[in-house]
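Structures are listed in the sections that come next.
Paired with subunit B in one complex and with subunit C in the other, subunit A is shared by the two complexes that follow.
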Partner chain A sequence: MAALGPWLLVLPATMLLFLLLVLPVAGTLKESFDGASGGLLDNYQAFFADEFNRVVLIRSFKIAFMSTFVSLVAGFLGAYMIANASPNLKRVLLILSVFPLLTSVVVRSFSFMAILGRNGVVNTLFLKIGLIDQPLELLFTQGAVVAGLAYLFTPLMILSLVGVLENIDDDLYAAAGSLGASPVGVFFQVTLPLAVPGMIVGSILVFTGSLATFVTPVLLGGEQQMTLSTLLYRKAMISFDWAAANTIAAIMMAITITCVIAMGALANRIAAGRKMR
Partner chain B sequence: MLSFSSSIRATTVAIALTLPAFAHAQDTLVVSNWGYSNNFYQPFVFEPFEKAHNVKIVTESGGAPERLNKARIRGGVDVILLTDKFSQIGINQGAFETIDSSKLTHLDELYEVAKHPQGEYGPAYTFGRYGIVYDKTRTDTPITSWCDLWRDDFKDSVAMPAFNTTGGPLTVMMAAKCAGTDAFKDPEAAFAKMAELKPNIVKTFSSGSELTNLLSTGEAFIGLAQDYAFPAIKAANPNIGWAELDEGDFAMMNTYNIPKNSKNKELALKFIDFSISAQVQKDGAVELGAGSGPINKTVELTDEQASGLVYGQDQVEKMQTTPIKQLLEVNDAWEKLWNKTFGF
Partner chain C sequence: MSARKINPLSKIAGWLVVFYLAGPIIIVIGTSVSDTPFLAFPPQGFTLKWYHKVFELNNFVESFITSMEVAFGGTMIALIAGLAAAYALSRYKVRLPAWYGSIFFLPFFIPEIVFGFSMLKTLIVQFDLPILPSLMLGHAILCLPYIVRVIGASLAGFDFSIQEAAVSLGMHPVKAFWSIVLPNIRSGVIAGAVLAFITSLNDMAVALFLTGPGVSTLPIEVFTYVQQFFDPTVSAVSVLLMAVTIGVMALIERSLGLSKTIK
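On to the complex of A and B.
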């Protein structure tokens, strides 16, 4: 009985999770394999046969990869600055970097409309300093979606990296320096390799988030920059094509799971390589 | 131990407290609507109807697709308010009951097009229109035709409705007309003309608020709009006006329907009848304004009340009919062509 105790304690939460997560997901998967003419893969064949769907799939990947890359670079710089700041400044910087997370996604995406719009901050500035004589078309482009997503998810990347960077032993820097490594050499040969686990965790969070997010592509990209999530919404809520919507949901789940497994494997490989050295 | 008189008093109080619960046991009528007009519906429609029929009205609010889905799959809705596009989808899905017209005492007062806009199903309850709005200070030559959208001086100026909105396919119809053909007979030519519009399109939008945002921020100065969105657009940018088009605007209608799985069909019919009466129609037109043109031809409005509304026989007849049923039949084929034109 004593051995059952812990299991009984987690049972209510497990049951809740089963009811609210596992069952609906299983239902979605089942529907996606329920083709109109009885074939298991009918819906998937129909999805991939349509060139527009393939373009949307590739575009979603491209946007997710680009926003992950931009978040990684910006997040690394931010986290590096925070990790090396004095304790008081560190607290302030951390709060500042996490602050956007307290604001709604809609508000944050709208702020980018004000920045990138025809009468927005960027165009007004460029026009005033005479860099351009006509407003640039920055909004409703792939670049706008990537910028919006990077802004949305960089705080997550910073949070993933700060802890990792803080835990790097100062003695390692001292040792590298005493062996003649330049500051740039220390960064590339000590800091960067040791930050890889944090970079991978952050990348997983940003990539999966960028792939699934709905509001930002709708507001900053529109129909011209349709992604899997906006296509899914259109199929489910406007076209009533539930088979296609379930199939897109299943494809998005498969992509996310594959990416998580692949990045996890990469992290393990890097960790194993480091141990061998 | 309670005395006898105390027991009697206690019992009396208990009965008095319990009785109202039984005395007020009422029927409930579930009305599914968008929710944003409830400030009008509550005092002008729901409360008088509740009093007259000793019924409690409960509303279920949300976007048209999700409400239609809920009403069809889960049930529990007695009257559903939808645009004619979504009511036609519901009819095609077999979700609605046919209407016994003999029980609608006000039906004869309606304009012909509003009586049975979709066969034997529910009547329309408002007239609206779909046309072009634009900032009149941004062009010297006014817009007088749908074909003006293709003008060279309108590069990067037009906000277009997405395909899956009511307006998207109507624009395709007008593109065909401007190309001298019929979109249903020659969709390829219609979409070739739509492709020519691409340089003029800034963004495609999916909702009225998105269009308002595009026009108020100056991202676009021409929009293809439904009149219900016009007051908000005008408030955001007073220079925006409604274009008088040679070909006419498209007629939009909102409809009432009774889901097949409703348990209060008789009461639902009475609610519909009450809602299309002259008084409720007039109240709706006055209180809600644009997009709520009265479908009851006996309604009389002052010029001020009628401004911005589809009102009167002339205006009703001047509008182009929206062939919802036909548009839904070609929907999938046209969506593919639309994606091919705009999605790459």
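On to the complex of A and C.
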């Protein structure tokens, strides 16, 4: 009986996960192979045969890549400054940049509507200083979706990087400097390589997150910028085409898992390569 | 660690990033008090009428109550299951396989929208559950990783020999857990529960599929509203939502310090 103790304690949480996560998602994956005419890949053939779907798939990739890139650059710059600030300032800056993470995605996407809209902050400012004479159409563009997604996920990138950048030993900088490295050289030969693991973790989070976000593409991209997640919602809840919805869900799962495995392998290779040297 | 000197250019770039992150929130707060029927920043005039309007809209008030009920229920389910699991994982490290702890992070690896759609098919269609318990169960899954991780982290620093001593002196193991282990990991339990609560309160992906006629959560209502009307009411309700978050954060900051929670 005592030997069962630990298992009894983990049982409720395990059952919750198994019954409410593993089984339902496995069901979705399985159903994606139940073709109308009995073929295993019928649904996939139907999905890829439609040019609209292919455009959506490629667009989703493009948007996720771009928002990962923007978050990576912005997150690195932010984390680099925060990691090197004085302890008190660091605390304030961390709270400032992490706070958005704790607010609703709807609120954060809405804030970009207020910024990029026809009467939004950017247009008002540009009109006032005479940069343009007519409001620009910034909303419902791919750029708006990318900016909104990068805004959602840059805090995650900062969290992944601040710890890594903080822990770089001061002696390493001193050594590099005394051996004649220029500040730029120190950055590219010491700081950047040591930050790579954090950059990889952050990129996984941003890429998979961007792919799965529903609200931002709807509010900032509209009909023209449909992505896999908005297409999944539309198929499931508006046209009730569950075969298509299952297939899109399976494709999204495949992309997410591939991304996690590929980036994990990359991180391992870099770690192994470093040991060899 | 003290401050390090960095290139002034990268310092400016870093500040711009912080501005990119904090700016939109300041803009939302500004537009919520603007005395204009459209969103204006910097605000023109000052009014609190948009806040009044939030409380006059039945959809917002009712869905806020639903959101609180769901967040409370979901957090409780996740807390009970997650606390037991986190305790077993660190107390019986040798008897449970090493990989066991990582299965509780599965929800992080499944796109939320895929999870939401699968929940709809299982809970609503297959088991015909009402909306409210479905939402609680769905949110409990989203919250579980936070609970297991944060409570697990605070259990890692706990010396189980204290509990063993009490048990060997004749205390009932369950009582030993309540009166010795739990008080020692109190801050971790609170932090985990708060993170879970905020996660549930902000959830969109699961609620999108599970809410239906009559029962809706606040984020869903705001999302629906903003697609029809683009006025400062949304800013006001956003500020109120943020205020709830800040209130909850202030609570943990006071009891254990935020920096510990983030890491």
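The rule we apply is simple: the second predicted complex is superposed on the first by the 269 of 277 C-alpha atoms of A that agree within 3 Å, B and C clash if a C-alpha of one lies under 4 Å from a C-alpha of the other, contacts with A are read in each partner's own complex, and residues count from 1 in each chain.
Methods note: a residue touches a chain if its C-beta (ideal position, glycine included) is under 8 Å from a C-beta of that chain, and two chains touch if they have at least 3 such contacts.
Note that the structure is a prediction, hence the values are computed from the model and not measured.
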Discussion item. With the two structures overlaid on subunit A, would subunit B and subunit C clash, or do they fit side by side?
Written reply: clash
Practice prompt. May I ask you to decide whether A:72 touches subunit B, subunit C, both, or neither, giving the answer as first, second, both or neither?
Written response: neither
Practice prompt. Check whether A:259 is in contact with subunit B, with subunit C, with both or with neither, and answer first, second, both or neither.
Written response: neither
Worksheet item: Given the superposition on chain A, which partner contacts more residues in subunit A: subunit B or subunit C?
Response: C
Item to complete: Figure out whether A:223 sits in contact with subunit B (first) or subunit C (second), or with both, or with neither.
Response: first
Item to complete: Would you sort A:119 into first (subunit B), second (subunit C), both or neither based on which partner it touches?
Response: both
Discussion item. Looking at A:9, would you say it contacts subunit B, subunit C, both, or neither? Reply first, second, both or neither.
Written reply: second
Discussion item. For A:151, using the defined touch cut-off, is the partner it touches subunit B, subunit C, both, or neither? Pick first, second, both or neither.
Written reply: second
Worksheet item: First (subunit B), second (subunit C), both or neither: which does A:103 touch?
Response: second
Worksheet item: Counting only touches as set out at the top, which of subunit B and subunit C does A:161 meet: first, second, both, neither?
Response: neither
Worksheet item: After superposition on the shared chain, which partner residues are touched by A:237: those of subunit B (first), subunit C (second), both, or neither?
Response: both
Worksheet item: In the superposed view, which residues of subunit A touch subunit B and also subunit C?
Response: 113-114, 117, 119, 218, 237
Discussion item. So in the complex, the part of subunit A that touches subunit B is made up of which residues?
Written reply: 50-52, 55-56, 113-114, 117-119, 137, 139-140, 218, 222-224, 226, 234, 237-240
Worksheet item: For the complex, which residues does subunit B have touching subunit A?
Response: 63, 65-66, 69, 89, 93, 156, 162-164, 202-206, 213, 217-219, 331, 335-336, 339-340, 342-344
Worksheet item: Which positions of subunit A touch subunit C when the two form their complex?
Response: 3, 5-7, 9-10, 12-14, 16-17, 20-25, 27-28, 74-75, 77-78, 80-82, 84-87, 89, 91, 93-100, 102-108, 110-115, 117, 119-121, 124, 151, 154-155, 158-159, 163, 166, 170, 173, 183, 208, 211-212, 214-215, 218-219, 229, 232-233, 236-237, 242, 245, 249, 252-253, 256-257, 260
Item to complete: Using the touch definition up top, name the residues of subunit C that touch subunit A in the complex.
Response: 1-7, 10-11, 13-18, 20-22, 24-25, 27-28, 31, 38-41, 77, 80-82, 84-85, 87-89, 91-92, 95-96, 100, 103-104, 106-107, 109-115, 117-123, 137-138, 140-141, 144, 148, 198, 201-202, 204-205, 208-209, 219, 222-223, 226-227, 230, 234-235, 238, 241-242, 245, 249, 258-259, 262-263
